[in-house]
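Structure record follows, encoded as structure tokens.
Order as written gives the chain letters A, B and C; numbering starts at 1 within each chain.
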Amino acid sequence: MSARGWIKHRIGAFSLDVSWDVEPGTVTVLYGPSGAGKSLTLRAIAGLVRLDEGRIELDGSVVFDHEAGLWIPPHHRRVGLMPQEYGLFPHLTVAANIAYGAHDPDSHARAAELTRTLDLQELQQRRIWQLSGGQRQRVALARALAAQPRVLLLDEPFASLDSELRRAVRQEIRQVLTASHVPVILVTHDAEEALALADHVQIIDSGRIVAEGDPVTTLRQPPAPRIARLAGVENLLRMRVARLQPEDGAMLCETLESPPLTLETPLAEAREGDVVTVGIRSSDVILASSEPQGLSARNVFAGTVASIEPRSPGHDVTVNCGAGLSLVSHVTRHAITQLGINEGTRMWAVVKASSCFLLSED
Amino acid sequence: MNRRAFPVRLPPGGIITLVYIAFIALPLIALFVRAVSSYSLWDSLTSDITLTALRLSLVTSLISMIVVVGAGVPIARYLSRRTGPLSRVIDVLIDVPLVLPPVVAGLAMLMAFGRMGILGDALDAAGIRLPFTTAAVILAQIFVSAPFFIRAAKLGFQAVPRELEEISQTLGISPWRTFWRVTLPLAWPSIVGGLALSWARAISEFGATIMFAGNLTGRTQTMPLAILSAMESNVGAALALAVILVAASVIVLFVLALAATRAAVPAGRLE
Amino acid sequence: MLAVSALAAIATTACAADRPENAVTLRVFAASSLTDALTEASTAFEAENASVAIETHFAGSSRLRAQLEEGAQADIFISADPRHVDAITHLLVESLITTVATNEMVVALADSTRSIQSLEDLAEPDVKIVIALPDVPAGRYARALLVQMARQADFPSNFDDAVLANIVSEETNVRAVLAKIQLGEADAGFVYRSDLRDTGFRHLTIPNQNPADIAYVAAVLRDSPHHDAAQAFLDFLISDEGQQILASQGFFVPVTATP
């Protein structure tokens, strides 16, 4: 039971051109900024949008093929769509919501099983407005799975949960998804979420898939600056390659101002003197309130805090290290109070060489 | 200053509401008091004319409501999904009977469906004569009361999130069954509210009826017409009829209000 | 409060426009069949009496009587049926009760109706007849005349029942009867001769009517603060000029002015 297909669709100036191939029990994450066409893709697969061109295949049967003039309506597609706000029916109880799409004894049994698995027995007679965000999410998931879909489409499933809860339920959901043996396409604009849930990642921008592959390579150390920006790599540094050290598997890069600061990075395909872009995720930059001693990390820079900006789940602290080098570090609120971080505070930024990656020009 | 010195404190809105309720309730109370103190009340209540008119009013308004709901639900549903200039024009046209004085509505119906009306010859050829028939009473009621229902039902349908209907379909439920299982239950309070308003307008319909259907006991004389006719001879009888009409209406409106709240999703919970 | 006082101002002053400050406004409750005649007579009277304004209120006589019984404020009551005056003499200045005109019933016919050529045809099946309610003078007279006709040798003995069976609507006043005929929805209707003036309706006359039966009786309300002005208006109605106006509107004028 796999889901594959491609679609081309135009709405005014916006055009969508995507394709996918998802194996059962695996999660493909469609990652990209809002307005990139992620939700539209899900709606298209569900049959809620009339498409210009394409072919959509679910579990070996074609549900849309513009060449053959085939278009199966949503209620015959057997797709499970879970929208951002979950789309639960307010006039029905939890139990009636879960059993809503159950059409035979088999799926009723499945609804009962999911109610147990997702720990919803106590809530069965409740109405939707009596549930917390996390409970709603579980009800929506149970409802979608009880209808025995051939593909599960999740649109920002964690967006309406607070960040603490988000992390907690992620793994639980991941297990349910894997156990369901249904191909899953999950839409998100949160890189951390994509990393935690994806077997395969597609980065979508302006209606097009700009990169895809395994989540770590694609999102941790994306191949190009534009994708890095999409993937939420906060530090993109223009540097000159100063010296290659093949024996250490490393190389040294310098900032473009003089006197330069030097950064050690993993060895990459470059020649001495090349100007390159180095990416470092803000979560990989560690801050220290006094000069660190005896560290294995190769890169330590002294600087002053230029700005502190909140970004869920913590804060982005920008440290100006001079010589044209600014590093953004993502730290918790707790860390800010404990280290006494304020604008103008003197701090040390620490970066492991292996956290730095070179981006090819695009 | 101890603000608690006043036993009851009402915001301005509450005071105005009280004044308004008094303004509405006083004439009704006066009506009841006069009707009850009138010695002929019981005779009037049980007289043939009263019972005939009451039965005619209830039967015609019931048939009118069946037609109004039967046609109004699909119309309201259709309009709730349309935007654009044409649908706005249709919206306005549907509301026109609301601003038309009922007598004019009756006159207009005569011009269309009367013996001399635009469709008069065609109807005559088909053996249909509407004026002075019970059917004319029903048509007049539909004409004046349908906009109230269509308006309310349309707003009700518009308030149903499109997403819920889509989700229902992805769960394997056809659009038709989705309408019954999701759309209708969610729009239910508005539909019943609209029905109450519409029915109230139909049962009190007078001007269009007397113009288009005339005034004949047992055939076209509904309660409001019977009240006016009784006024010509006996104010006491008119009062008795009025009291019955008010009482019957209040009962029906309460039943409908109950039906609306029973199935209702609390306000603001639709999203 | 502002709204309430504005409302009061509107309610009390609306009709006093264009009149000298010490003007008297007479409120006349009159049978609706008098609409045209009384409007013309009021205009003529006002032209001669600058200090008096006439405010007319037309409806079926029985409803006017009911309104007066419920305490409606009026100076003059003109009924199309003496019985409504007799019923409320306690509210009236009895010495000033005056018959101002008489009338007769006719059967007005719709333009489209060619099948009715005589009164006997009214009893044919499928004829649509409108009539005023039995409690309205015009309705009472019409029914009385039908009974009277049925007793006559020229008509079948069940004539009245046959005609009544053809009634499709009972209207609250004569004007409404006329409107139904004018619209062509009904074939025939019982109305006053005075109603037919200017309309060019075909009509059938009803024989053997007593002119004194349909008498328009005017009276001054006892509570009226303007007895003199009211009496002056009644005097005007029975003066030569007033009677001429009434006659020109199709009424018969009394042979003797005061009963």
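One rule holds for everything that comes next: a contact is a pair of C-beta atoms (placed from the backbone, for glycine too) under 8 Å apart; a residue touches a chain by one contact, two chains touch by 3 or more.
Because the structure is a prediction, the values reported are computed rather than measured.
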Among the chains, which one keeps its Cα centre farthest from the Cα centre of chain C?
A
Which chain wins if you rank chains by how close their C-alpha centre is to the centre of all protein C-alpha atoms?
B
Whole-Å gap separating chain B and chain C, where each centre is the average of the chain's CA atoms
35
With chain centres taken as the means of their Cα atoms, state the distance from chain A to chain B in Å.
55
Can you give the whole-Å distance between the Cα centres of chain A and chain C?
88
Touching two or more other chains - residue numbers and ranges from chain C
none
Quick check on the complex: what are the chain B residues that touch chain C?
107, 110, 114-116, 131-132, 210, 213-217, 220-221, 228-229, 231-235
Seen from chain A, its contact residues with chain B in the complex are 46-48, 73-81, 83, 85, 87, 89-91, 100-101, 103, 128-129, 143-144, 147
What part of chain C is in contact with chain B in the complex they form?
60, 62-63, 66, 69-70, 112, 128, 130, 133-136, 167-172, 176, 180, 183-186
Considering only the defined contacts, which chain B positions touch chain A in the complex?
161, 163-164, 166-175, 178, 181-182, 185-186, 263, 265-266, 269-271
